[in-house]
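This is the structure I have questions about; it appears just below.
Every chain is named by a letter (A, B, C, D and E) in the order it is written, and numbering of its residues begins at 1.
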Amino acid sequence: MEWQPLILTFQLALVTTVFLLIIGIPLAWWLAYTNRKTKAVVETLVTMPLVLPPTVLGFYLLVAFSPANAFGSWLDEWLGIRFIFTFEGLVLASIIYSLPFMVQPVQSGLANLPSQLREASYVMGKSGMTTLFKVLLPNIKPSLLTGIVLSFAHTIGEFGVVLMIGGNIPGKTKVASIAIYDEVEALNYSAANMYSIILFAITFLILLSVYLLNGGYFKSAGR
Amino acid sequence: MEWQPLILTFQLALVTTVFLLIIGIPLAWWLAYTNRKTKAVVETLVTMPLVLPPTVLGFYLLVAFSPANAFGSWLDEWLGIRFIFTFEGLVLASIIYSLPFMVQPVQSGLANLPSQLREASYVMGKSGMTTLFKVLLPNIKPSLLTGIVLSFAHTIGEFGVVLMIGGNIPGKTKVASIAIYDEVEALNYSAANMYSIILFAITFLILLSVYLLNGGYFKSAGR
Amino acid sequence: MIHISLQKILNTAQNLMTLNIELALERGQFATLYGASGAGKTSTLRMLAGLMKPDEGQIIVNDKTWVDTDKGINLPPQQRRVGLVFQDYALFPNMTVRKNLEYALTRRQKPDIVDELMDMIELSELQDRKPGTLSGGQKQRVALARALVQRPDILLLDEPLSALDSKIRIKLQDYLQKVHRQYGLTTILVSHDIPEVFKLSDQVYVLEDGVVARQGSPAEVFGYGQMSGKFRFTGEVLEIRKEEVVYIVTVLIGTNVVKVIAQESEIAGLKVGDQVMVASKAFNPVIQRVGE
Amino acid sequence: MIHISLQKILNTAQNLMTLNIELALERGQFATLYGASGAGKTSTLRMLAGLMKPDEGQIIVNDKTWVDTDKGINLPPQQRRVGLVFQDYALFPNMTVRKNLEYALTRRQKPDIVDELMDMIELSELQDRKPGTLSGGQKQRVALARALVQRPDILLLDEPLSALDSKIRIKLQDYLQKVHRQYGLTTILVSHDIPEVFKLSDQVYVLEDGVVARQGSPAEVFGYGQMSGKFRFTGEVLEIRKEEVVYIVTVLIGTNVVKVIAQESEIAGLKVGDQVMVASKAFNPVIQRVGE
Amino acid sequence: RSGNDAKLTIATSANMRFAIKELVDAFSEQTGIDCEIITGSSGKLMAQIIEGAPYDLFVSADMKYPEALYQRGFTTGTPQTYAYGRLVLWSAAEGIEPDITILTSGQINHIALANPKTAPYGQAAVEVLKHYDIYEKVEQKLVYGESISQTNQFIISGAAEVGFTAKSVVLSSEMADRGAWIAVDENACRPIAQGAVIVKSTGEMKKAEKFYAFLFSEQAKEILEHSGYAKNEYTNR
């Protein structure tokens, strides 16, 4: 058993969750307050990656980002970014795949906040950004934590997409989920169990502490 | 291309979502209102199946429910239920795997409702059940729909667990996600694309209509 | 008879407050709980309704024990015949006015009472509307009607009228009086509004820091006594103006502005905003209806 | 000078109502919007603050155009120098009292004003508490202080005191008066409470179904005139009792109960709950401070 | 990622999972070249190579995928057969002696095999069933694994009482003494020819060629043979 896949997994989950916060929060904000007709379409699009089997989604991403392709080679040549068989690629794929788990809870959290909080801030001359970060987000901590927990856990367990686009390269793209899968396939059940238990234990502790914190918030939010 | 895997997929997603409603709503209800210390532990446990790679989770389920095992054979002999290589098994596995996507949104929806609604109903002599179904749930439609959408979409895309516990039997456990994967592996990219497009299109339409409905609700809930 | 004896430690913002309430209400009485914010009025009602568990105490309603902490009895809200009107109405947003009322029906009840109440409280025209589209006064009437559907033994009202304008307020006070009499209810009202207390209640309990500090009829409690020959009014000073050798003090009494001529000695230390009493030695009032 | 001329079609519960408001306020004036529920008071304030877009109209504040629909001008709330106190306070639950005030500071402002306001409105002791732990009156004071931090041109108050008990209410009215004068504000208050309107405002606008039906000083609008020699009080009939040949009518005036002897002819058609006027021909009032 | 310390990356089909380890160990000892093994289903590995996966060699379960890669110009040469796979019938369930004849009995509820659409061992298994003329009878009992690996999980967990897998699996150290197996008559199906290719345009051409040569060496043949593979199409002909 090696520690590297486990470390890589938590790195991936952490980086992905951070990016999901950065992307998901503004998106959720827009979705929560917009009256545009496009809203339902965007909501649906955000959910769609869930619908494809992960390996197939991975396959399409593989084709899209392949340097053999116009788009992939453009990324490579002009931005110097490669998304396949790299850690960056895993992050990108995980972001696409876990996006609804961040966006949905944050969106419904924001939609449930009394609109006066937002309006009070605007009347004080504050920008939308300031309002979002100083007023709105601190008051939907339970929803934010739900989003973070679901994204984090889902990324840890992600496997199909990651296997396809990452290719199981030790130290680079061989995350714990793939390592466990590998050991099961290799009939090394004791190693697989070992990995599983450790992954389970660490994640259990992380989630438990989050939920214990969350419990406190939930109570204060639930009037 | 066959239609059977697609039909099976939507059957599975539908049945799973219905069961998730039946199981998830009482669980979410308990979690939303309990003050027990065990609450955080249950919340964590609900999320844990997400953390394992689906194929590995599937393997553990396979071992647990195998008729070669005490538990599996007990189920078989006494209840006549078999969970491996059957549609029932796919449903069970999908329920376990998608549980957090139903529980979390419903729970935070309930926690955000003013407690007076519940109390008013109790003072009128109404039971918890009546209160839940007549008063609470009708007032958290956006959260309920979020839970339904995430569970439904996630089940449609589920693949690893289903592959492991289902055994890819045409007409019984060969759902669309597996059919697509099969075609990709067999280098039949055009068939894979065909399946994907149809799956995508149908699901897109389903989700879009749900979100269009939902949009109306969100607005009225967002004061 | 309703005996209430409750103790509960409440954690207020900074410190602990012990709520220690003793009340004995006659059947059919209209009682008011009066007191400052945080005195424990809502908590008392919540314990009566079974929504909050007292640390210690008893509630005995018409010889039936609802609460007895010594014996471990604490009936759930479902088993107490209580009607409760929440300050923020707590109407069910998903149901129409009629459905809100019908929801409250017990299984054995005839549904006639719904129409009867809607007639009495003038809700029939609103019956198909959802609470979200009602004005505050209309919502309040629905909440009141809903609390009456089950014909409760005790009707609990938590500041039901405080957010309403005076016209609607007076109308609702009338409804309250009407249903209280018609259904022979025992009613406990929480109110901050002294005229309202005067108008409605037989008995006032003044809560201060969790205990009943004073009790009696409104006139006794608010200290105006029963007047007959001599008249006294309390009001608030709006303005003090010096005019030649005397002072003219403008006083707001209810919604009436009165100007009183006073000597310098009379107004020593008096300033705008002070509560004052305006009294007269000889006053022959005539009464006259005000055109509506 | 503040010129306001706004039209907006509002969809009320069943039908459409056209809000059509014309106001011209002096700088430094304390104006009140008075009217029944649903008359359009809140909508008017929201259009002033930039939270609702009028269909047509203009808002010109001290020669600066905030809104001109013909020219397509509609400044966002951020660019209007407005302070707004919401009816339900809208304090930020995640911030302490001090942080709530500090959040309102503009970048160029010295933070001294926060302490100044906390002193003036007696919030210093509460500065480290979160809104959730404050009583209604305390919350209201914080909301008021917060609206003043930016020294707005116009202070908008939407029924700020309606849910408070009378003691706190009077205290907050005093604060309002104090800051209005001290900062030379133009204030627009929405209130249902006639004594409050009397006490605070220079000018009252009565809204009825979306238009200004009457306007003037409180005394003019509420029709009591300026009294001097003769006294009249309006009140409500609490009880009519026959005693031998005369009737004794109990009238509630403000918080005062008055008994008036009346002839049968005087009380023809009078019933409990009616508004009446009690007047006297000869009345020599004396004034006396009430011990607090 | 070139240079002397760079590792050689070898993409391998699922059935070769056990044998490749031994091959690589021997190769590394001989040449001092470190190798990285990536295991997966043949179809997935091929798709990844087409999209630019950094694999130096592709050691497949059959000739079809390497051939397809060659056709598309991703390899340095035509695929060569390095070994022939052998099919076994395996059971981990108690009291079951694997044999073709029991497949039709009521004792057997499920027969596991790899997906014949994508895995050569699955194809071979179907041929065997057809050879004995029992395919129609047992069709309802068949459950399909994604690859040989997943088929193994079905068998080991006892979920399927019996199943077809590669001989290399049951001979592996991990699975020695697990359940019972019999070899399937090699005349019952077409031989499973397994091919390997060098992937073009990687930086490790020299090392790749060395390993390729090693794969066809006598030493490698020996390792492959005791791992469960055959040198010739038919051992006994």
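As a convention for this text, a contact is a pair of C-beta atoms (placed from the backbone, for glycine too) under 8 Å apart; a residue touches a chain by one contact, two chains touch by 3 or more.
On a predicted model such as this, the values are computed, not experimentally measured, just so you know.
Give me the set of chains touching subunit B intersected with the set touching subunit C.
Common neighbours, subunit B/subunit C: none found.
Measuring from the mean C-alpha position of subunit B to the mean C-alpha position of subunit E, what distance in angstrom results?
36
What is the distance, in whole Å, between the centres of subunit D and subunit E, each centre taken as the mean of its C-alpha atoms?
The answer is 85 Å.
Rounded to a whole Å, what is the gap between the Cα centroids of subunit B and subunit D?
53
Roughly how far is subunit A from subunit D, going centre to centre by Cα mean, in whole Å?
Taking the mean C-alpha position of each chain, the two centres sit 50 Å apart.
Using the touch rule from the top of the page, what residues of subunit A touch 2 or more other chains?
Within subunit A, residues 55, 59, 114, 184 contact more than one other chain.
Tell me, which residues of subunit E touch at least two other chains?
44, 47, 150, 153
In subunit C, which residues are in touch with two or more of the other chains?
none
Following the definition at the start, I'd like every touching pair of chains, please.
The list of touching pairs comes to A-B, A-D, A-E, B-C, B-E, C-D.
Please give the residue numbers of subunit D that touch subunit A in the complex, ascending.
It comes out as residues 49-51, 76-80, 82-84, 86, 88, 90, 92-94, 103-104, 106, 132, 146, 149-150.
Which residues, counting only subunit B, touch subunit A once they are in their complex?
That would be residues 32, 35, 39-41, 43-44, 47-57, 59-60, 100-101, 104-105, 108-109, 111-112, 114-115, 142-143, 146, 149-150, 153-154, 156-160, 177-178, 180-181, 184, 192, 196, 199-200, 203-204, 207-208, 211-212, 214-215, 218-219, 221-223 of subunit B.
Under the stated contact criterion, what part of subunit D meets subunit C in this complex?
Answer in residue numbers: 13, 36-38, 129, 133-137, 159, 162-168, 170, 174, 192-195, 198-199, 219, 222, 224, 227-228, 231-236, 238, 249, 251-260, 262, 266-267, 269-270, 273-290, 292.
Quick check: in the complex, which residue numbers of subunit B touch subunit E?
55, 59, 62-63, 65-69, 84-85, 163-164, 167-169, 181-182, 184-187
Using the touch definition from the top, list the residues of subunit A that touch subunit D in their complex.
Its residues touching subunit D are 114, 116-117, 119-127, 134-135, 138-139, 220.
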